[in-house]
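Next come two complexes, and both contain subunit A; in the first it sits with subunit B, in the second with subunit C.
And now, the complex of A and B:
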């Protein structure tokens, strides 16, 4: 095997993996603080991509695209705040089942609205010329956009880490994840943290959608497919562990990249196979804690 | 027999008689609708056993609905149109798949269960969609037969809507009777103890995972039989049968009907199919409508229609 091609496959896998991390990290953050699995996460990723598509009709230029991706993340984040305030907030004290059902209802509402606004036909983003084409790495070609995704995701991952570990809000939210009662006894505004972390989780979804779906065609059903990949990532990594999510996303991305190249017949089933193996061997996930 | 039981028995007999004599008066489209309601009622009962009694919410029962549908459609097409072997295949295939996927899904509690069932169902959808040579891909399998019931002394051709209706009704009565027995038995009690407190029930020597797995397999078989009947009624099998939006249907039907009432899933199905037939054309965007309905039920109307009726009528329906 040609080492140059292996390198390209590896880079491809890392790029895909970082994107998976970005997609699933919002789910992990929301779960670790609010103890809620947001089923609509995949649909919100799709929504981010749709916003990016619409904004791309209005703006052009290489730097505008970076702005568009950030902006679509912010818009989806604002939608997240509205969802938290109007719906999710009402059911924190309810049984788990109702929380699941509520976010499941949101999938249908978001998909329905997307169909209403953007229609059922597939939408493809027309990327600025700067992001098209390929760069040469050790004599082999690597798509420029994948490189951009890799760097973009890595920057966001670092920013996320800084936010969670270095800012007061991040520290307070980690405290709330560890023990809500003590945190609120210390005078920290827990409802604000809940709202903020839900919004950040959702904004990450929107951002990853804008960044990640640029190369694929968009239809209102794509959210469910992405949600399943996100679930696979958090199961493999361990529910609630951000490091686990990163590890699982990279593993899945690299496996898929090599699978696509060498075993295309089973590449589609890879997330499920890895997930099933993890559930059998280490049910709590790679870095999850046993309950 | 006390007053309450008499009320229940009276209602059951009334509904039963209505279901038996209605077809005589209904036009053919009405008969088709009623048939669909019964099939979806059965599908909802599959979901209901897991959700209402074990407290485990499955977002993936469509996978088993589709397994039943495709097993029967393929058997009718390639092997035999006598119903026994196709239905047996549907049940066996479902039991095997549900045991494997259920074993992986029930181990880590209700939260994991919810998204693992969704993920595995989407996996089955992808397989059905991609495996073109076997399942027909996105074209599905058109022109499925309705089968023939062969009693050795006589044969009944189910192609006639009336025959097929009564065939469905017999299965429906039998399976709801079995389910009623099941949920009122010690098995049902054990499931509810797991729902209310999984730790305490395991302290009493119960193995919750085993009970949940059994409940999951039974639930899946109900869904599978409903799927088999559905594919016979509509005469086709298609990949959307296993899509997550199909899994949403029994959830919404059960919630509309009332999750903690035994008659809820059936009446939820009646209301749902009625709405789907007459309101869908008015609204256009059905998914959005369903989402709003589900949201409203979760936030404001958790007892459901039959829960509401129960309060007025003063009997556990």
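And now, the complex of A and C:
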């Protein structure tokens, strides 16, 4: 095997894995703090991509694109606040079935709105020149944009860690995740934490949509198949564990990349094989806690 | 007082007459129960760019039939649209729902061969008819033939044999080929037929890379592209479509794959792809369901004008490919029902066999033995042109009649 090609495959896997992490991290945060499984996460990823596409029609330039991706995350985050205040807040103490019904309804509403606003025809983001083309690595080409998503996702992962472990809000949210009654008794505004963490989870979805779907085709409902991957990642990693999500995303990304290249016959089944093996050995996921 | 009564009587009389006149001028089509056609295709998701315009083509045909032609045998046409994504199980459930709850006997749409093949036993069980508009696997009108299923578009064999002829003529030196197509019936059927014909035409034809990514992956083609580049092919073939093809072209462009090959071709790429990809487009020899410049018939012009008037010019340019078979399928039902003078399924089926309809592509003839339509198929060469708004233009086109590649029914039914 050519070591240069192996390196390219590894980079492919890491880039894909970091993108999976970015897409699934919002889901993990929402679940770890609020104990809500947001089935509409894929639709919110799609919404972020659509906002990025719309903003790209108004702005151009290399830095403008970075700004657009950040902005699309913020806009989806604001939508997340509205969703939390008007809908999700009402079902925290309800059965999981209500969460399923509510977030499933949100999928239909968001996808329907996307169809009305952006139409059914596929949309693509035309990227600035800086992100186009490939760089030569060990004598082989690798796309610049894949490198950008790899490093962009890594930066977000670090910022997320700093936010959760080094800021008061992050610490309070982790406390709320561990024991909501004691956190509340300490005078911490738990509803605010819930709203903030839901918004951050949703903003991450929007941001990952703008960044991750920049090379894909945008059509209403495209989030559904992304959501499947996100759920696979958080289950493999262990529900609610951000580090587990990162590990699962990287394992899945790297295995998929090598599988696609060298074992294409089984590549389609690979994520499910990995999920089955890990769950057989550790039913709570890689870094999940036993309930 | 008397005058008032007379005036009132006149007013009442005039109103009554007006109403009678209004109702009598209403077409007979509006007074009878509408004929319901069940349209099943993806309206959302990665493949919305194929199913959504197809539904618009069907709706346009229904509008024209209702408003200008008095319906079908005096009954208005109603299109009931269902979004099946590209999932066979959903399509089957929707077909059953339309049949049981809405009384639908005639179905159309379907962009995926997997879905079309899943619907085959359901159509037989419900004794209903299906016209597939963009499912191309040879098996549909071949070894898995059903008396209840018709195809108004081409089959993979006909289209790919014609494409292979063109590619061989234009690029006689290209012998090392790579394939990247979706891993299901349609992808395999297209590549098998293209490579079969190329082997016959070009001695020395070899396949150096054969890649089968998951259908509906929607991106992440890097490992496949890297493997293809390592194999160093001269020719690249792909029948990825919808969101898959858009992502593949954009990713492969970044990798520089199109700079390495002499020819990139696809037997089924419709206009939604180059219009979506725009400046990231590749030089591509393609074939699609419709290309407005290739047909200058009175019906083509009428159809194009109606599409533009109803949905706008930009929508028409992008969506013409998939809209046209949807349009044709509705007119096929109209022609068959009028030929049968009945809405009875067996009578309509019989009428549809050996039926010739007028289409924007010219005459479309449905062979009785395998229910396959034959017609003039468009082939196009898209080249890059930074001077154009979209970054590309059509530099060459032609049409090839499918009958040129027709094989006997007995042979077709074995494929």
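In this section, the second predicted complex is superposed on the first by the 290 of 291 C-alpha atoms of A that agree within 3 Å, B and C clash if a C-alpha of one lies under 4 Å from a C-alpha of the other, contacts with A are read in each partner's own complex, and residues count from 1 in each chain.
The rule is simple: a residue touches a chain if its C-beta (ideal position, glycine included) is under 8 Å from a C-beta of that chain, and two chains touch if they have at least 3 such contacts.
These numbers come from a predicted model, not from an experiment.
**Student:** In the superposed model on subunit A, is it clash or fit for subunit B and subunit C?
**Tutor:** These partners clash in the superposed model.
**Student:** Looking at the overlay, what does A:115 touch: subunit B (first), subunit C (second), both, or neither?
**Tutor:** A:115: touches subunit B and subunit C.
**Student:** Regarding the shared-chain residue A:282, is it in contact with subunit B (first), subunit C (second), both, or neither?
**Tutor:** In the superposed model, A:282 contacts neither subunit B nor subunit C.
**Student:** Let me test your reading of the model: by the given contact rule, A:239 touches which partner, first (subunit B), second (subunit C), both or neither?
**Tutor:** First partner only.
**Student:** Is A:231 in contact with subunit B, with subunit C, with both, or with neither (first, second, both, neither)?
**Tutor:** first
**Student:** A:89 in the overlay: touching subunit B, subunit C, both, or neither? Say first, second, both or neither.
**Tutor:** Touch partners of A:89: none, neither subunit B nor subunit C.
**Student:** Give one of first, second, both or neither to describe whether A:268 is in contact with subunit B, with subunit C, with both, or with none.
**Tutor:** both
**Student:** Could you look at A:140 and tell me whether it touches subunit B, subunit C, both or neither (first, second, both, neither)?
**Tutor:** So A:140 only meets subunit C here.
**Student:** Identify the partner contact of A:260: answer first if only subunit B is touched, second if only subunit C is, both if each is, neither if none is.
**Tutor:** In the superposition, A:260 contacts subunit C only.
**Student:** A:132 in the overlay: touching subunit B, subunit C, both, or neither? Say first, second, both or neither.
**Tutor:** second
**Student:** When you line up both complexes on chain A, which piece of subunit C, out of 1-9, 109-117, 199-207 or 397-405, runs into subunit B?
**Tutor:** Stretch 109-117 of subunit C has C-alpha atoms clashing with subunit B.
**Student:** Give me the intersection of subunit A's contacts with subunit B and its contacts with subunit C, in residue numbers.
**Tutor:** Looking at subunit A, the two contact sets intersect at 111, 115, 224-225, 268.
**Student:** Which subunit C residues qualify as touching subunit A in the complex?
**Tutor:** 43-49, 51-53, 85, 183, 211-214, 216, 218-220, 222-224, 226-227, 229-230, 242-244, 246-247, 250-251, 253-256, 272-273, 275-280, 315, 318-319
**Student:** Subunit A touches which residues of subunit B in the complex?
**Tutor:** That would be residues 51, 55, 57, 59, 104, 107-112, 114-116, 118-120, 122-123, 126, 130, 243-245, 248, 251, 255, 285-292, 294-295, 298-299, 302 of subunit B.
**Student:** Per the contact definition, I'd like the list of subunit A residues that touch subunit C in the complex.
**Tutor:** It comes out as residues 2, 5, 8-9, 12, 15-16, 111, 115, 119-124, 126, 132-134, 140-146, 213, 215-217, 219-222, 224-225, 256-261, 264, 267-268.
**Student:** Report the residues of subunit A in contact with subunit B in the complex, numbered from low to high.
**Tutor:** Its residues touching subunit B are 37, 39, 87, 90-91, 96-98, 100-102, 104-113, 115-116, 224-225, 227-228, 231-232, 235, 239, 268-269, 272, 275-276, 279-280, 283-284, 291.
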